[in-house]
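Across the two complexes that follow, subunit A remains constant while its partner is subunit B and subsequently subunit C.
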Partner chain A sequence: MIIKPTGTDIKNIGYYLGKILLGFGLTMFIPIGLGIVLQEFNPVLDFSCTIGIIFFTGFLLTRFCFTGQDLNWMQGMIVVALAWLVAMVLGALPLFLSGHWKSFLDACFESMSGLATTGLTLVQDLDHLSYTHNLWRHLIMFLGGQGIVIVALSFFVKGHSGAFKMYVGEARDEKILPNVVHTSRFIWLVSIVYLVLGTISFGVTGIINGMRPFNAFFHGVCIFMTAFDTGGFAPQSQNILYYHCPLFEIIIIVMMVLGAINFRLHYHIWNGNRKEIVKNIETSVFFFTILITFLITALGLQELKTYSDGRMLFQKGFFQLISGHTGTGFMTIYAPQFNAEWSNLALVGVIIAMSLGGAVCSTTGAIKMLRIGVVFKALKEDIKRIILPERAIVVQKFHHIKEVFVEDKTARSALMITLMYLLLYALGALVGMLCGYPFLSSLFESTSAAANVGLSCGITTPAMPVVLKITYIIQMWAGRLEFMAVFTLIGFFVAVVRGKR
Partner chain B sequence: MRKAKSGRKIERLKKTAFLFLFLVCGFFGFKSSCFAQATASSELIGRAKYYDGKTVTFEGEIIGDIMVRGSKAWVNINDGSNAIGVLVDSRLLNSRLLTGSYTAKGSWVSVSGVFSRACPEHGGDLDIHAQSLAVIHDGSAVPERIDLQKSGYALTAMLAAGAVWLALFLWKPEKARKK
Partner chain C sequence: MKTQELTNIVLGIVTEIAYALSIILSVLLASLILTFKP
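Up next, the complex of A and B:
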């Protein structure tokens, strides 16, 4: 029997949603501050309108939905799923008001792409967008990469079990420190330290390469936020091609890889346990999959001989591949070149890399390295069971911070999520094909959206069909939250309609 | 006699027509060689293999930064569809050039140079190495006019949020009930 949600359920959800909204609203003061300094008054007004709406709603929700009760699992998941949808709409509002997006749906697409750290974009005339709006595009990637619930957890929610439920709902099931609020603050600490280092590196490189100092540091902070949070937005329409600088690309690769590493691993490295990098299953799987997928991509690129020498092939092939594998989506080629200049085999290499993603508890999307490792270990265990005598005891273990045995429960969970991602990739590809796009291009774009990557082979434009825009928004949302929160929200709506008291 | 006269007339007419045609064709031929038609960015990117290594003319607005690197400089030119990186000799640049941004409409220039779909000098980038650069329209500052309607909306939204906050700050139902 499906039980109808009670008023307390709804009030509790509303209360925490209000808190997250207030946290999200506060972050808008950052672009407002920049807008005032640069005297970009119309953009400041766009954000002022939005802040007013957010605070109005947030104050009402936190006041009238207060119950004093802790969140249960269902409520925690629903808060997260709803918070991401509400943040998408409210984050899109200042973008839409700028006039650089064709419709509000396009602005919502951009906002979800930013929050989910995807990087697919529908902006028009990006090269004339204000600094204020441009900073917001990159900032939402930074916030989304950390997790918008993490923002609220760090500043608004006191450490209790409800906080942990929201933390898990946002696809972060690993605690670095015993307290989830301390974990959130540690994630912020790591990110801020890298933010300072990254911005300085990009800024100085930009100045050396002839950019104006203000632009160099503005681009530096924006590119860092989207590289470390494996997002893929860039301040100019040419993406990374704008800079014409190999050193810039090398720093970006370093930042993307740092962003794709588990925050728990960062914690151990920070505490001097450097051996963990070599021993950890995620890093070894990551290294292995990069090697395999790059081999496929390089063989594919060799077929058409687009790049006449090995250095060029490596520079272009490896950058797009690592950008796809880490789920970032930065590009040093134009989107139509994927179809026109890259062979099908090279595209398949990039699609596989995109579908795998980085580490769990990192800023990347997709299936993730730990699950790939667990699935392979479980497969190895099953093969051994068949080969070895029946009386032999077969045990498989892997190293992830500590030694862990591969249990059926762990393998089942990893397989389930893997299967869900594969279905999501296929679903988007099917919709793409129904809209008239070829199979490989549809699969490429769908995998890019669902795995929160952002590489595009040219399908994502303001002119693409509305149904495809909505499909990609759903894919980005479900892919970022790793399904559980989304399924709980769907179940909640079913219970509201069909449930009994 | 008459036949001979009319024959000469026809001959003269033919000569005049031929001269006219020659002049017209020559004029248009000269004009097209002076002002080669610009190729669109979408055409260059979409048919990069065809244009690879050829001299092309590309027109558009200079955007972002002009990145001077020694005797050369990178200029990114946007024709309305895409921006393409153009490597120019620094001497071709002048102080009149303005770059497009939120506050400015950049100079509209025409460059002529060798197009590469994967430039071996620049790590496989799609770019143009320009031999000439001509300013077609000068850039100009775009002054910002404050949108009064937006100001009204922003003020209303902020006032509404402030009023709710104030009302909730003053209204303490628990305390009232206790009293």
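Up next, the complex of A and C:
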């Protein structure tokens, strides 16, 4: 029997949603500050209106929905799923008011793409977008990569069990420190340290390459935020191709790889356990899958002799591949070149890389390395059981911070999530084909959206069908939250309609 | 922050960047081998 949610359930959800909204609203003061300094008063007005709406809604929710009760698992998951949808709508408001997006749906697409660290974009005339709006595009990517709930946890929510439930709902099932608020703050520490290092590296490289100092550091901070948080937005419409600088690309690759590393691994490495980077199953699998997918892509590119020398193969082929594998979506080629110049085999190599992703508890999307490793170990265990005598005891273990035995429930969970991702990739590809796009292009774009990557072979434009825009928004949302929070929200609505008291 | 903690953080960052560079070098080597023309 399905039990109908009570008024207390709804009030508790509303209260925590209000807190998250207030945290999200506060972040809008950053673009406002930049807008005031640069005297971009129209964009400042766009953000001021939005902040007014957010704070009004947030205060109403926290004032009238206070129950004094902690969140239970269902409520925590629903808060997270709803928070991402509400943040998408409110984050889209200033973008839509700028007039650079054709419709509010396009602005919502951009906002979800930013928050989910995807990087697919529907902006028009990006090169003339105000600095204030452009900073917001990159900032929402940074906030989404950290996790909207992480932002709220760091400032507004005290360390109790309700906080942990929201933290898990946001697809971060690994607690780094015993207290989830301290975990959130450690995630910020890593990001801020790399923010400083990355911005300086990009800024100095930009100045050396002839950019004005302000622009070099503005681009530096924007590119860092989207590289480390594996997003993929860039301040210019040509994306990374705009810079024409191999050193810039190398620094970006380093930042993308760092962003794809598990925050828990960052913690152990930063606390002296440096050998972990060699022993950990995620870093080993990541290294291996990069080499394998690069080999497939390179052989595909060799078929058509797209890039004949090693340097170009590395600079173009590997950059798109690692950008896909880490779930970033930066590009150093134009989107139509994927279909025009890359062979089917090369595209398949990138699709496989995109579908795998980086580490769990990182800023990447997709299936993720730990699950790939666990599934592989479980498969090895089953094969051994068949080959070895019946009396033989077969156990498989892997190293992830400590030695862990592969248990049935671990393998089942990894397989379930893997299967859900594969279904999500297939669903988007099917909708793409129903809209008239070819199979491989549809699969490429669908995988890119669902795995929160952002590479595009040209389907994602403001002119694409509305149904496809909505499909990609759902894919980005479900892919970022790793399904559980989304399923709980669906279950909650079913319970509201069909549940019994 | 103690000196030991700061040293660990700096060495940690160096280790992570070295890991990223090792990926880049491995793939660069693979690219050169794949496109090698005697």
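List of remarks:
FYI, the second predicted complex is superposed on the first by the 501 of 501 C-alpha atoms of A that agree within 3 Å, B and C clash if a C-alpha of one lies under 4 Å from a C-alpha of the other, contacts with A are read in each partner's own complex, and residues count from 1 in each chain.
Basically, contacts are C-beta pairs under 8 Å (C-beta built on N, C-alpha and C of every residue); 3 or more make two chains touch, one makes a residue touch a chain.
Not measured: the values here are computed from a predicted model.
Looking at the shared chain after the overlay, A:F66 reaches neither subunit B nor subunit C.
By the touch criterion stated above, A:D309 is placed in contact with subunit B and with subunit C alike. Of the two partner chains placed around the shared chain by superposition, subunit B is the only one that A:R212 touches, whereas subunit C remains out of contact. Legend: residue contacts after superposition of the two complexes on their common chain; A:R274 is shown touching subunit C, with no touch to subunit B. Ranking subunit B and subunit C by residues of subunit A touched puts B first. Once chain A of one complex is fitted onto chain A of the other, the partner contacts of A:V193 are limited to subunit C, with no touch recorded for subunit B. Contacts of A:V254 after superposition: subunit C is touched, whereas subunit B is not reached. Once the two complexes are overlaid on the shared chain, A:F318 sits against subunit C while remaining clear of subunit B.
With the contact threshold set out at the top, residues 307-309, 311, 313 of subunit A are in contact with subunit B in one structure and with subunit C in the other. The touching residues of subunit A, when paired with subunit C in their complex, are 193, 197, 250, 253-254, 257-258, 261, 266, 269-272, 274, 277, 283, 287, 290-291, 294-295, 298-299, 302, 307-311, 313-314, 317-318, 322.
Every residue of subunit C that touches subunit A in the complex is listed here, in rising order: 8-9, 11-13, 15-17, 19-24, 26-28, 30-36. Of all residues in subunit B, those touching subunit A in their complex are 42, 45-49, 63-69, 73-74, 76, 78, 82-85, 87, 100-102, 117-118, 120, 122-127, 144, 146-147, 150-151, 153-154, 156-161, 164-165, 168. By the touch criterion given at the top, residues 39-42, 45-46, 48-56, 59-60, 63, 97, 127-131, 209-212, 215, 236-238, 241-244, 246, 249, 306-309, 311-313, 315-316, 332-334, 336-337, 340-341 of subunit A touch subunit B in their complex.
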